[in-house]
Each structure stands twice: as C-alpha cells, then as structure tokens.
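Presented sequentially are two complexes of chain A, the first with chain B as partner and the second with chain C.
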Partner chain A sequence: MEEISVRQETAAPLGSPEASFEPAIVAFVCNWCTYTAADLAGTARMVQSPNVRLIRMMCTGMVDPKYIIKALLSGADAVLVSGCHPGDCHYINGNYKARRRMKLLKEILPRFGIDERRLKLTWVGASEGNEFAATVNRFAAEIKELGPIDTRRLPLL
Partner chain B sequence: MGSIARIEVKDGNPVAALQGFCARLLADEEVSAVLAPRRLPGKAGTMPALVAEPAGFADVDPLTPSFRINAARMLTRLTRGADDAGLVAALLRPCEARAFIELCKLNQGSLENTLLVSLDCAGAFSNADYPRFAGDNGTGEPLLEFLRAAGRGAFNGAEIARACKTCEHPTGAEADLSIGLFGQDPAQGFLLVANTPRGEGLMTRLHLPEVADDGSRAKALEGLLAERIAERDAMFAETGAATADMDRLSTFLSACVNCYNCRMACPVCYCKECVFLTDVFEHKPWQYLSWARQRGAIKMPTDTVFFHLTRLAHMSTACVGCGQCSNACPNGVPVMELFRTVAAGTQRAFEYEAGRNPSEAPPLSVFREHEFPEVTGGLD
Partner chain C sequence: MPSRIGVYVCHCGTNIAGRVDSAGVARFAAGLKNVVVARDYKFMCSDPGQDMIIKDIREMGLTRVVVASCSPRLHEKTFQKACQRGGINPFLFQMTCIREHCSWVVIDPTEATAKARTLVAAAVARVNYHDELYSRVESVHPDVLVVGGGIAGIQAALDIAKSGHKVHLVERGPSIGGHMAQFDKTFPTLDCAACISTPKMVAVAQETNINLMTLSEVVEVKGYVGNYTVRIRNNPRYVNQDLCTGCGLCMEKCPKKVPSEFEEGIGTRKAIHRNSPQSVPNTPVIDPSVCLQFVKGKCGACKKYCPSGAIDFEQQESFLEVQVGTIVLATGFDILDPGSLSQYGFGRYPEVYTGLQFERLNNAVGPTGGKIVMKNGRAPESVAILHCVGSRDANHHEYCSRVCCMYALKYDHLIKDKVGHHVRVFNFYIDMRCFGKGYEEFYRRVQEEGVTFIRGRPAEITDQAQSPEEEGKLVVVGEDTLLGRPVRLAVDMVVLCTAMEPRRDAAEVARIFGISQGQDGFFLEEHPKLGPVSTATDGIFLAGTCQGPKDIPDAVAHAAGGAGQALALAARGEVSISPTVSWINPDICVGCKICIGLCAYSAIEFDERRKVSVINEAMCKGCGSCAGHCPSGAAQVRHFNERQIFAELEGLLRPAPPALEPRVAEAAGPDVA
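For the complex of A and B:
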C-alpha cells in the first residue's frame, strides 16, 4: 500500500516523552468497501497518517477474534476493523457478525489492561476515500495520545 | 413447575434406589438405553456408561462426588443424527445438562432423542482429590454424610472442587426431569420433578406416587445458593485483580505448558480441528529467531497467553462453569477461575446464559440489525 501512504510529518510537542512515539496500527479492511476507499484516498492523494498497515480481507465477517488478539499481543498499538455500512455487505451480513465479535473483544480485552480505545470498528463505503483518510488520521492521533501498548515492552508468555 | 413424585430409598441405600430408577427408565418403551455414571474399579470414581441391559446397572452410581469428565460430549455422540432409535435417557449433573443443551444449539447433539435427567448437585471432587474422599470406599455412610452436608466442609481433608463451590446453578431445571436431593434425607427418598412435557409423559408412565411440594427443596437450595454466590463473587474479584493487566495475566498463566488439556476437557470447545492443533501457528525457524531478537528473549513454546485469550474469545459465551478445564490441568493453572470470571462478563454483555434456555441462540451465531451502537461510535 505504499502508494496511499502519503507521509505527513505531524508535529509532536517538543520535549514530551511521547514525541518520538509513532503508533503501529493494524487494519483489517473489507475488500469490497474500505479497501477500495483506501485505494481512492491514495489515488486522490489525500493526506493520511502513515501508521496504518492494511490487511485486506474478503469481508469483516471473516476477521476472527484471534487475528486481533495476535496483532495486539505482537505489539500493534491498536487494531482497526473497517467494513461496509450495515445493509451493504457483499456477503449480506458479515459486518453484523464483525460487530458482535468486536463487542465481545471490547468486553474481554479491557479486563487485561488493554484500553478499549485500541479497538475500533468503522463503516467506510467504497466511495468514501475522504472518510477513510479522516478515520485513519483521527485514530492515529488518538492512539498517539494513548501511548504505546504494554505488550511491546513485556516479556509476554 | 410440573408434577412431583417421590423415589423411595430402601435400607438407607440411595444408590440402589437410583439404580432401580434407571432400570425403570430402561423398561419404558420409548427409552432404548441409559447413560449414567458407573463405578470404576479401585478408587478412580465414576465415568459415564451406556447401559442397554438391566444387568448393567449393578455398578451405576450417579451420587458419588466424582466428576472425571463432562458427559455432555459423550451424549452428543449418542444423539447426533440418530434417527428413530428411541430415546437415550441420561443422568447428568446440572452443568453437564447445560453443556449438552449448549452443544445441541451448536448442532453437535440433539435434544429430540434425549431424555435429560438432572440430579441436584452437591458438588464433586477433582480427579486428584477424589481418592482422598473415597478413603476406604466412599460409599454407604460417608456418601450419606456428603449428601446431607450438600458438599459443605472437608471429607478426609478433601474439599469439593472450586468450580462446584462457586456454582450458582446446582439444580438442572433445564432437564426433562430433575431428581431433587436438596432438603431431602438421602436415606429416606428423593423428589422427581417433571420440567417438560416429555418429562411429564414419562412420569405418568412410571406410575410413581405423586407428592405435594413441601418447600423443603427450595429452602435448602436458597441457603446453598447464598453461600455459593458469595463464594463466586469473591472468586471473580480475586481473579479480576490477579489478571488486571497483561503482566499479571502472564504471571497468572505462567505454569501453563501449552498441553491444551483444558481445551480437550472443555465440553463446549467442540471444533473437530482446533486451530491450535493445526500448523497455523507452527512458524518457520527464522520467525522465532526474529521475535527473539526483537524482544531479547521469548518463552518457548510461544503463544501461551494468545491461546487462552483466543479460547476466551471463542467459547466464553458458551462456558457452563463445569470446571473440567481446571480438573484436567496437570500444572495447577487456575483456568476455571479465569474462564468463569470472563464468561460472566461476556455472557452478561450479550444477555445470555450458556445452556439455560434451548430456544435462545448462542450470541455469536446471530445478530440484530440495530444493536451495540457504542461499538461503532454511535453509527449503526
């Protein structure tokens, strides 16, 4: 996805300990909508934070909770899952299933100290390149504020 | 609540009375076999046995506080896809009945050809502790004493498993028939309560003397529940504090050796091919080396916390709290504590109780068009 990662150097406040922190965000995006939106944002040269690594899925309904858990345990600071608006799923109802799984993870992971804000589910349609860029920028800023995830420094089992 | 009948106990021998009850079940024209706990040789306790001839009931003992495996999965093997082979009657602990109902909802077994009989459960010892309870034999007077105390206290220095001490569903109202032990003198007799039309039908055919409800069972249950719920909430608080961040969760699971026994023993972990038994997480050597360089060192085998978190995500909404995970753990990892604590939260989040209501769909198998707006920032 190099072509869409238009780099923008965001100015961090000088001297703050988080000044050098650049969050790593893993995004599981639906082939039929958000991935296309990301492509659109890229070809339209919209300004986007370069902190997001996209993983193209055929549907958010196939994002098993273990992918998200694995990403967070492996040092991703946050995970974005983004799919079609309700009613627009290419496979009819995959996005509704994704919503239930996200609800489940937002119930489980905060118990173990993973901030709920590190999990995000959004609906971004294929034509919404601007919405995709805005989502990514907002999310990256939020996570930058939140700081690095614990699992990065822990000798996790 | 449906009709109530009485099962008389003769010569102070409740086990013989239940063997007689099983034999009467088998004699019913609709029942083709009975699945019930049967004594193993030595002090190993009991295991489920499928009995198809009356002579087979000689060693059947549904009362002994031994719980080597959850029989729900055995029952799925007997009922899934069965045609008109007749009913299999199963004498189960309430957590086994709930696990079976949960498995049926996941299309692993069938309630169509099952007659569930659930016994009030005073609790059971872990496989490691059972031989201490059994002492010389664990039948007769020690068993009566155990039943009268409803599992409270120590027996030859052994206490019932923690999953049982913290169990808030010790009666199986989901089953077709319940055998009521609470508040009854086990040397005198039990209650038989019909909960479903199928249970009512069988009770009519058995011609047992009907009795009025004197409230003794409900009263005994109320007292027991208060104690168990207090115990359970203390366990939730303790486990929540012990796993409040990733560092502590790592410590909590540090004795785990990735043997996956908890998964094998879990009645509701039903996948034929668990992802952790495939080569999905068998990485190339360079991958391990790269992780080790990144972090300085990695524990081998890797992915211990990952395994438990994934299992929590995959099946905590189906957890019935039987405690077989802890029973199966060879290293004393408090798996049951972790799963019950998280399961209470996930089941509450979906307003669901595993195995309680056969007509309620498992939360991750369904969805509604408008729900959980908080997950998507208010957009649905």
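For the complex of A and C:
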C-alpha cells in the first residue's frame, strides 16, 4: 500500500500555489465492488488522501460520460471511475460498457484541452480494501503532480 | 415549493466525532439552502436518534432528510424506515458516509471535518431532487426449479419437496447422482458413497412433489423473481421409461463397446448403457453417436431382445415450458484435464491416473471390481499421489480445490487397506489442508499407517531410468522442500489430484440464467460471506460446487441453504421489487433502439405504435447501462438520474470549503460551466 499519511501541503503558505495545491477529485464508484472496498478500507483504517470524494453509483455502466465532463467543468481536477473486475460485474457486463465509454472519452478530452490523465478507470473488487486505498493515494499523487485543471481557459468555454 | 430538509450528523461515539467536528458540520449544514434544521447526535442509529428524525418530520414539516453517519450499506434501510414512520417516502432520504470514507481514513481533524462538510453539502444538494418512489409487490409462483441432479441438487430438491412445494429437477445426464455416484468411499468416515447417496437418489424418484427430468437441459429462462418461465429440452433416451423394467438384457446383447465417460475412460460401456445398476432412473440410454442402428442404419439387437418392447429408435427431442417462482442452480464442477500439464505425462504413461479414475479403480462396481491393479493386472508395489495438480498454480487455477488433500489421504488409506501394508505410498503436497470435522484426526491416522509425506510440487514424471531400480517404473522428479534436496522416486503408479474447475459451459449457463461468474469462472454469489447462496439476480440461488470447490458436507449444507432461501420466497408468496429501475421518457425518446442492444436483461422493448423504447420494470435490475448511453437522455435510472447526480456533483465541488481548496472556490465563479 502506498501511503500518503503525512501531508505537508496543508501547512504550506497559500502564497506558493504549487505547494498548497489540493486537488478536488470526484470518484464514481459502483455500489457492489469499489464502494464496498472503500467501506472495507475504512473499517481497516487505511489512511487515504481526503482529496477523493465518492459518488455512489449502482454500476459503472450507468456513468454517463457527461457526468465526468460536468465534474471536470465544475471544478474537479480529476475523475476516477472504479467498478468490479472484468467478469465480476454485478449486472453481468456493465463494467465493459464503462470501459468502452471511458476509452472513447479519453480520446475526446484532449481535444477540449483536458489532459486525459485526469480521467482514470480502475477495477477494485469488494474485498480489495488495500487496493482501493492505494488507488486513491496513487491517483491523488498523480494529480498533484499534474497540477490544477484550468477550466477557465478551455477552448470550448 | 422549496423542500424542507433536516440534516443529522452522527458522532458514532468517538468513531466520527474523534476526528470530525460533528457539531461544526451540523452548524455548517444549517446554513445550506433549504435546510430547516441540522442536528448532531451521539448515535443516530439508536432509537432516540431515529425518534429525533421522526419528531422533526412531524413537528417541523420536513420533506427531505439527510443523515451523515456510517456507510449506507449498513444503515440506509434503518433511516429509510424511520423516514417512513415519520410519514415521508423513504426515497426522500439521502445518506452520506462520514465514517468509513472520512473519519476513519483521514488523519488530520481539519481535513476530515472539511471533507465531511463537502460530503454533507453534496447530500443536501442531491436530496432536493429526490422523487417519491414506491416498491411494487409481485406474487411468487410456489414451484421451484432445481438445475443439476448431483448431491447438491438432490439435497435442494428433497428439502423443497418436503415442505410441500413442487420441484422440477432438471438433470442433463441420463441419471442423477452426479460425481458422488462415481466415488467409492468418502472421507474421513470411509462411508461407502453409494450406501449414503443411493437412498437419497431413490427418495427423489419416489417423492411425488419432484418432477424429475433426466437427459434434459434448460434452454431459455424468461421473467423475473417470482415469475420465471423456463423452457426445457428433453433429449431422447430411445428407451421408453414406462415400459423398461431395467433388466439389462439390452446392454448384454449390444455389440458396440466404447470407452465409458462414467468410468473416466478406464472402463468400457455399450452403445446402450447406464452408469450403474443403482442409477435413478435405472432405464438405459442409447448413445446415437455410436449406436450401430443410428450410425450404420442396421443392428437393432437391443430391440430384438428387449422383453418389454421398450426400445424406441423413433423418439425425438421435445420441449416443454414450466412456470416457477425461484430457481436453484446446482450444476456442479468439472475436473481439470491434466493433459495440459504435460510434465506429468497423463495420457502418455498408462499408469498415471486422475483422482476420479483412481476412484473408479477403487469402486466395487468399477472396471476392476474394486481391485487396485495396474493395466497389466498386477497390484502396484508403490504409488505416488501428487496434490494440487492445477490448483494453487498461477498457470492454471490460483484457488485451492479444497478436497484433494482429504481424498489423497483417503486413497493412502485405501491402498494400504486393499493392496496391503507393504505398499509404499508417497504424497507430494504443498500444504496439508485438513480443515473439516474429523479431518485432522484422519490425517493423523493415515500418518500412523506409514504413509510418506514429501513437501514439494514435483517437476516432472518420467520413464527415463537413471538406475537399474528405476527400470520399468515411473520416476517422480522433484524437490523435498523441507529437507532442501532433490528427490527421484521410482513408483509403479501415479495419481494426480486434479483441480476442480467450473463446468466447461458455465459461461453459457450464466448467460441463460442472467447471473455472473467470478474471476475463477465459478458462479458469483451475492456476497462472499453474508450472501453465499444468493446471486445478484433475485430469485436465483446457488447450491454446491457451481459456486466454488466444496467437499460433500459443504455442498450439502450449501444446497440446504439455497433450498431454504428459495423456500423463503416461495412460502411467503409475494416479493417486493425495488423501484430504483430505469425509465425511458417517451416524450424525449427518439426510438434509436440503442438501449435495447445494451440491456443485459432484455428488459427493454420497442413500442412500434409510439416508436419509443419501453422498459419492462419487472425485468429491469436498474444497472443503468441504457441511461449511461442514451444519446437523448431519455433513459434515466430512478434515484440515480441526471439531475440528482449533477446536484450531487455541484454540492461536492462548490462551494468549496475555504480551508482546503482556495483555488476551486475561485474557479467556481459563474463564468465556468
């Protein structure tokens, strides 16, 4: 598990924007696998970056790409979509549909000036609490590295 | 009319309040739009906590409720019921998790409180857009379908039939009994498998509440929990079951001999055959792929000699439909074909057997009449038993097959018992897993009988002798990992404890019944611990090894559990169906039909008159595959619709808690989005 337990950034002065950058990350997670894994990670007290906030969906297959675009335009620096492992979907094959949609969306995002790394799709099964915590922390670190999204300068706006 | 929202922030003792300033979060919530009251309390799930909500709904006229506490997977139902008792629809409630996802995983109290505030803001924003929803109550057909007639299916069928409910038991093979009918003895009690399973098989045949259909397969399942229509194909037996007396003369006279599947290829059967005289039903079956009458168009020996005129070459396959309320799947397992592990020489060396072949070799009605002998007719002087063949192996199956250690011990004992104490028996094991009742004691007993245990997975089995003693023998080459030195062991016979694996057509069966498979290919249970017999599809339950490797006691217990679950529904006679399903707005739908192809449950139909797609709410599971794609946004999942998700997003991202994210607050001006 990669831990980012001690985070110096909050203590840094607001004057240096790079040091104080706290990304806002939205995670659309499926009720059956990743949300359960998040519960498990919580029960096991696995420290996670507070930047990631979950939105519970019943299945990743119901995550309309426009939810992701909406999140990115509303100020989220990145979006995580996470569901059951391939073959494990509670609804037979919703995660495959999500996988196709995310692949296409990742191709479209750069044309609007959004780095495709700001969207991530992962599979975290219900029993993988440690994997969930690691995913959250890894992704938060990646986005911190990437810096804030600048929706104000996006071409489509 | 704006909604009147009550927000309740839980302390959960110190579980939440230890990190999150619950009172501060409540004060923050009180300032949010449409919030009429915001309170914090030590234990919201307690009776006083719930009463607080009920009182506020009644006295302050709340129309929406938000609770910030533990995971909704724990207490969502509790609070929904409280809302209902207070007099508002349970779906006008939103729960947000500030324990598992916040206080327990964020160390810094300021950050934890900030995150909790964000989550509460999102829940408040979302709950504004919740709609009243009502569960539907559907009747449950009292009959039950059991698929598979192995020991699990038999147990489930008998349990259900005993309650007075009618059971349709569908078995693909010519007789019931499953793998257990192939066994000789069972561990650790050394009960004779036939002695304990045949009474159950006979009980199935005699039970008036069981409609036993052999040589039958389910080809289609339509409907939903409580109301399934199942289409079953009956394959021809070519022997009239009503006329046949089971005398067996036909099998004596049949001229065509082929390797027997029931004997795992080490014995033969005729073209007209049955597994054993104890088969249920004990009517033989003609295999048209080898029967001379079918292949060459002439023979008819069986017909000529049958004293009761039961042979009927004209039988055709037939189909029938049954109505059932619930379904129990007990389709069992296959064993791994060890041919894929070429280093062990299965198929190349005649004296390398699979576990099931050895079981037949042992069996009193098997090809050798229960004598453990080699192909040359002599008894083996030494036997090596290899555990974990294809199990616990990253190249084959990562899981443990759970039965091999124990049946290997059983073989150890039986070899010593039947062939003689002088026979040297070697077990190559990775770990001995003797976890069941009486299993460890049996392990001890076998150790005391002088069986050798060598820890290590053998590298290969070869017939290339390196010394005179190895001439004409099979040499097991490996490493004793406890002693840390290489081993070469010459033996007469090798038994491979091959892995249990999902049925080869498990994917097809999963598709027919609309259930999922896990990564290992076995059918996926609803919850690995608390829902081991139910599936994600309501009304369909699992029994036995179709869910994962099991020994007989576990398979029987699992089957009884599945039967109990199915009976609970059947006995109640009605089931409430969740209203959180999809809905296609006919005013927006353009009739592109994309959703119809996406639906994994065939729950969407096209209304030709109105030219729009329509959801069959009874079949819809609410996965939202249609809503996630619908180009016009006409398809929406109730309780997870676009407005609700957008509101939640906006609450989550704006206004941002100033302590944590100064930048987002700035970016969230009106010029964005």
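Note that the second predicted complex is superposed on the first by the 134 of 157 C-alpha atoms of A that agree within 3 Å, B and C clash if a C-alpha of one lies under 4 Å from a C-alpha of the other, contacts with A are read in each partner's own complex, and residues count from 1 in each chain.
As a convention for this text, a contact is a pair of C-beta atoms (placed from the backbone, for glycine too) under 8 Å apart; a residue touches a chain by one contact, two chains touch by 3 or more.
As the structure is a computational prediction, the values presented were derived from the model and not from experiment.
Q: Figure out whether A:Arg99 sits in contact with chain B (first) or chain C (second), or with both, or with neither.
A: Only chain B is touched by A:Arg99; chain C is not.
Q: What is the contact status of A:Ala37 with respect to chain B (first) and chain C (second): first, second, both, or neither?
A: neither
Q: Considering only the touch criterion stated at the top, classify A:Asp88 as touching first (chain B), second (chain C), both, or neither.
A: Touch status of A:Asp88: second partner only.
Q: What's your read, chain B or chain C touching more residues of chain A?
A: C
Q: Is A:Ala133 contacted by the first partner chain B, the second partner chain C, both or neither?
A: second
Q: Touch check for A:Leu54: first (chain B), second (chain C), both, or neither?
A: second
Q: Name the contact category of A:Val29: first (chain B only), second (chain C only), both, or neither.
A: It touches nothing on chain B or chain C.
Q: Regarding the shared-chain residue A:Thr151, is it in contact with chain B (first), chain C (second), both, or neither?
A: In the superposition, A:Thr151 contacts both chain B and chain C.
Q: Contacts for A:Ala78 in the overlay, against chain B (first) and chain C (second): which applies, first, second, both or neither?
A: It touches nothing on chain B or chain C.
Q: Could you tell me which stretches of chain A are touched by chain B in one complex and by chain C in the other?
A: 66, 70, 73, 87, 93, 97, 101, 150-151, 157
Q: Over in the complex, which chain B residues touch chain A? Could you list them?
A: Residues 240, 243-250, 253-254, 256, 275, 295-299, 304-306, 309-310, 312-314, 316-317, 341-342, 345-346, 349-350, 363-364, 367-369, 371-372, 375-377, 379-380.
Q: In the complex, go through chain A and note every residue touching chain B.
A: 65-66, 69-70, 73, 86-87, 93, 96-97, 99-109, 111-114, 121-123, 150-151, 154-157
Q: For a test of understanding, state which residues of chain C touch chain A in their complex under the given definition.
A: Chain C reaches chain A through residues 71-73, 97, 99-102, 104-108, 110-112, 114-115, 118-119, 122, 514-519, 524, 527-528, 536, 580, 598, 600-601, 621-625, 627-629, 637, 640, 642, 645-646, 648-650, 652-654, 656, 660-664, 667-668, 671-673.
Q: Going by the contact rule at the top, pick out the chain A residues touching chain C in the complex.
A: My answer: residues 5-7, 10, 14, 17, 20-22, 24, 26, 31-32, 35-36, 38-39, 41-43, 45-48, 50, 53-59, 61-64, 66-67, 70-71, 73-76, 85, 87-94, 97-98, 101, 126-127, 133, 148, 150-152, 157.
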